[in-house]
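When the chains are written out, they are named A, B, C and D in that same order, and each has its own residue count from 1.
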Amino acid sequence: MVELRQSVFGVEFQSPVLLASGTCGYGREYAELIPLDEIGGLVTKAVSVEPRVGNPPHRIAETPGGMINAIGLENVGLRRFIGEKLPWLRENLRRAHVLVNVVGRSAEEYAAVVAGLDGEEGFLGYEINVSCPNVEGGTMFGTDESALAELVGRLRRETERPIIVKLTPNVPDIGIYARICEESGADGLSTINTFPGLLVDVDRRRPVIGNVSGGVSGPAILPMGVYLTWHAALSCSLPVIGIGGIRSGEDALQYILAGATLVQVGTALFVDPSAAKAVHEGIVAYLDRTGTGTIGELVGALEARGPVLA
Amino acid sequence: MKVQHVAEATWWLELESPDIARRAEWGQFVMIGFGVDHLDPPFLPRPFSVGWRSEEGRVGLLVRVFGAGSRRLASLRVGDRALLLGPLGRPFHLAPGKPVICVAGGVGLAPFLFLAGEARRDGYDVRLLYGEGSADRVFDPALIERLTGEAPVVWTEDGSLGHPGRVTDGVDGAGDQAVLVGDPTVLACGPAAMLRALAGRSAREGFRLQVSVEEHMGCGVGTCQGCVVPGADSRWRKACTEGPVFDASELAWSS
Amino acid sequence: MVELRQSVFGVEFQSPVLLASGTCGYGREYAELIPLDEIGGLVTKAVSVEPRVGNPPHRIAETPGGMINAIGLENVGLRRFIGEKLPWLRENLRRAHVLVNVVGRSAEEYAAVVAGLDGEEGFLGYEINVSCPNVEGGTMFGTDESALAELVGRLRRETERPIIVKLTPNVPDIGIYARICEESGADGLSTINTFPGLLVDVDRRRPVIGNVSGGVSGPAILPMGVYLTWHAALSCSLPVIGIGGIRSGEDALQYILAGATLVQVGTALFVDPSAAKAVHEGIVAYLDRTGTGTIGELVGALEARGPVLA
Amino acid sequence: MKVQHVAEATWWLELESPDIARRAEWGQFVMIGFGVDHLDPPFLPRPFSVGWRSEEGRVGLLVRVFGAGSRRLASLRVGDRALLLGPLGRPFHLAPGKPVICVAGGVGLAPFLFLAGEARRDGYDVRLLYGEGSADRVFDPALIERLTGEAPVVWTEDGSLGHPGRVTDGVDGAGDQAVLVGDPTVLACGPAAMLRALAGRSAREGFRLQVSVEEHMGCGVGTCQGCVVPGADSRWRKACTEGPVFDASELAWSS
């Protein structure tokens, strides 16, 4: 018998496989297709203080080996999330854990979501999405070192639940941001969010995506995600959740060997909702085949010298 | 798996899927793809209307080639395996006892092959108006008759087959007897411009109109929020779970 | 008749299609497979002052929709480049233009290559590869604003030939670097170089690539490359060369509509050496089909508002 | 295009390519892929030794499945099209009039199917020693005899066919008569460990040894510098243009 359980963020995860934010709604939509309570858990679609209407169509399109999306963080907002979405998760997920993906235009907005949710039941903690444009400063928390430190520090004061910061890939040195999160009191990291991309409809001479640019996800970004996960994990001592292009147990193991404690499956769910369970089973098969007793032995077991970059 | 070239750039696929065949309702669709090991288009699965089903558990799809994804589907061969998710979405709703007018533009024909045949057997008075650009694109009327029990009224824009002009002209009864009689339910599937024209008329003339819309889809089940179309109340609607069939009055039709 | 000629960098390019650095050697290797003198030109493998031995194998591997490489800038060095490689290019390319890709560990090394080459014949100008780790400072010119300004300014003083700076994709705002290049005297930009990636051999629990990490290229990065080209082109008035994942005329047109004056084909050459010519012919066919008289009309003709980022 | 399952995980492909068939030399290889429209592995083309050629312009490849790319090649069907680039690389060089000993480990057999048949016809005394893990992996000796004019001496590690042990034992003449006689040229293709063992002996015992090496390849023609192997002078060698066949003494053999 192989052991996939791990203690992370103060609780036990029965499987390292979670569903990625924005690709599994609020869980319920996939309830009939994915045995949610048999995997590690899921991350909700982003929740903001106020509801957001999101972007005009087309919101998604296929790219070589992946897809591009610009949903625009459409979501029902904090109040309706608590009233309409959280109860189902609370009642239906007994063993799988729920992380709430949080976005805001300002540190205040992020803090308001955390403060507003913290007294509720039915979820474990927060995944803080810092790749969202900060309209006030015209920058992003995820690419501004001091803004990130301030944001994480502020959220830390709002909650004792796990705070996991989801980093953006388009920085020269993700290790800097990993360390900032650790020093500011975060409990974990998620790497990575999507890459900015643009797809042109050459016949209409217009962007395919209504929002012009969007985020690229899927198998195409797998090697970048593994690299950034490895780099982030080596740069701090926080547990890291590996994300990007995972569609098999072997893909997940690339992340785990590179240093991820947990992984998330996103785009692959669209291609086949059973992918999440298949990733879990692929990991089990690998442990079996290689005679590895527990998955913990594999986390960060890659034999390789650290990144060349500082 | 059966694959048949039925008109210019258009293929008829029959796939084994007893579960979908049993549960499908008129106007619903399936997501068809090739699983996570497949990177070439269609990497994301593509939505196709259920175009037919058999007692033996086969599902028929009418596939027209637009881009790389549909081209790959059209090049499926006997023995190939595809991944089907469905049946998905809200179906057409017929008003009991009232006549049904189906307006099909191009491959918008697909859901009506399914609906017309079964609804007629259920006793509905169904008229199928079917428009294409030209004759080479027309799905064989004799085949349609075999699938649905009656030949369609065909319109071609260049007049190369059937009535000359647009299928929407058919709703006026142009070139045929009047059709908007007996408090009919009009169902439409086809290009956005065709749906818009019909929606305008439905708003002015007050006939019931249900439209099946198209939008890029990711998941097909409501999780990705990728497939939105504008609602009349300036809220987005998900084409996959709130549609693809909408009451025309529910949507915003401003060009 | 459609017109593919454009005046760029003070000369006429008969085609917007060039071969990317590191994917066409020094031209000669592809002479029998690609009609080099019928396309726009080529960019040589990186040239450094001293020869470099490069990295241990494996140096390349396939990734989903692309590849990863860590050649380690193996090259014959300035002196042998002049003695052994340049003469062939000078004698065999009459209409196609040659750019020499330049790397160095310090501004001095870059300057030495430019100074050493400038009096030679057989090439048009320089493509400055600033995504190469600067061993002294532990940083990269391509991600350090002041180092980049200094480098470009310094090279400007060494030569009157065109200086094209090849930018790295992993920065939060490529527009900043585009403007720095313009202000420091560059004549053009190349966007983009590869993305850092890591591929793990899960059975051996080791990186597939001898150098551990490498650069990801190929179709997988196409939407990122188009986005960054668009962003760079909107941020300055320099001509931009679009690079990343191009394998067809339509791919090239995505870059051109997004603002690229020229494009480069890289990884696709490995898959099919005739890809470069096919890209050229695909562009011709598009101009024909859409009744576009000259390619210049298409450059930056994308109807889209600018990037959301500053 | 002909595809034939010839041993466990091993297929024999015959492709139409008159130009390669005409120009190929013993030990050369081809890059085989599916063109730029194909993203699934093999996205990059893969190197395979020319395993045979016919007067009519067919080229034979012996393909063993290691990963996704070779699996796709093995699943080619009659009528499918592949892209071939070749013939590429430096061939084996025979010493005129001297006996030739081919040592093949696994699919390292491929170049020798080509060489042994033609070299024998050219009057060389060729002996083929062929090792596999077990009998189910062995390419049918009768087929080898048909292709090369003589059955190989087979070794299997588990002894399930032919001589028990490693094919390198065969060089000692173990289980057979002595082979290293008459100033032979030894040619070897197979796993790195096998080549290393032979290179060590060649250095000690002084027989001529040429080895065909493997390394990941991008371009196959010398532009990408992806395929290097370490040279004895601590310079890298490109397996695609300076190899794949090297004099054993040219390479560094330290594990």
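We take it that a residue touches a chain if its C-beta (ideal position, glycine included) is under 8 Å from a C-beta of that chain, and two chains touch if they have at least 3 such contacts.
From a predicted model like this one, the values you see are computed outputs, not experimental measurements.
Peer 1: Using the average of all C-alpha atoms in each chain as its centre, how far is it in Å between subunit B and subunit D?
Peer 2: The separation of the two C-alpha centroids amounts to 55 Å.
Peer 1: Subunit B to subunit C: how many Å between their CA centres?
Peer 2: Computed value for the inter-centroid distance: 47 Å.
Peer 1: Express in whole angstrom the distance between the two chain centres, defined as the mean CA positions of subunit A and subunit B.
Peer 2: It comes to 37 Å between the two C-alpha centres.
Peer 1: What positions in subunit C touch 2 or more of the other chains?
Peer 2: 64-66, 218-219
Peer 1: Among the residues of subunit D, which are close enough to touch at least two other chains?
Peer 2: In subunit D, residues 37-39 touch at least two other chains, as defined above.
Peer 1: Please categorise the chain-chain contact pattern as a line, ring, star, complete graph or other.
Peer 2: Chain contacts: single closed ring, each chain with exactly two partners.
Peer 1: For each chain, which other chains does it touch, given as pairs?
Peer 2: A-B, A-C, B-D, C-D
Peer 1: Can you name the residues of subunit B that touch subunit A in the complex?
Peer 2: Interface residues on the subunit B side: 33, 35-39, 41-45, 69, 83, 85, 215-230, 235-236, 241.
Peer 1: Mind listing the subunit D positions that touch subunit B in their complex?
Peer 2: 37-40
Peer 1: Can you tell me which positions in subunit A touch subunit B when the two form their complex?
Peer 2: Interface residues on the subunit A side: 22-25, 29-30, 33, 45, 53-54, 56-62, 64-67, 69, 71, 74, 218-219, 247-248, 268-273, 275, 278.
Peer 1: Looking at the complex, which residues from subunit A come into contact with subunit C?
Peer 2: Within the complex, subunit A touches subunit C at residues 63-66, 68, 133, 138-140, 143, 168-173, 195-200, 202-203, 205-207, 212-213, 216, 218-224, 226-228, 230, 245, 250, 253-254, 257-258, 286, 290, 298, 301-305, 307-310.
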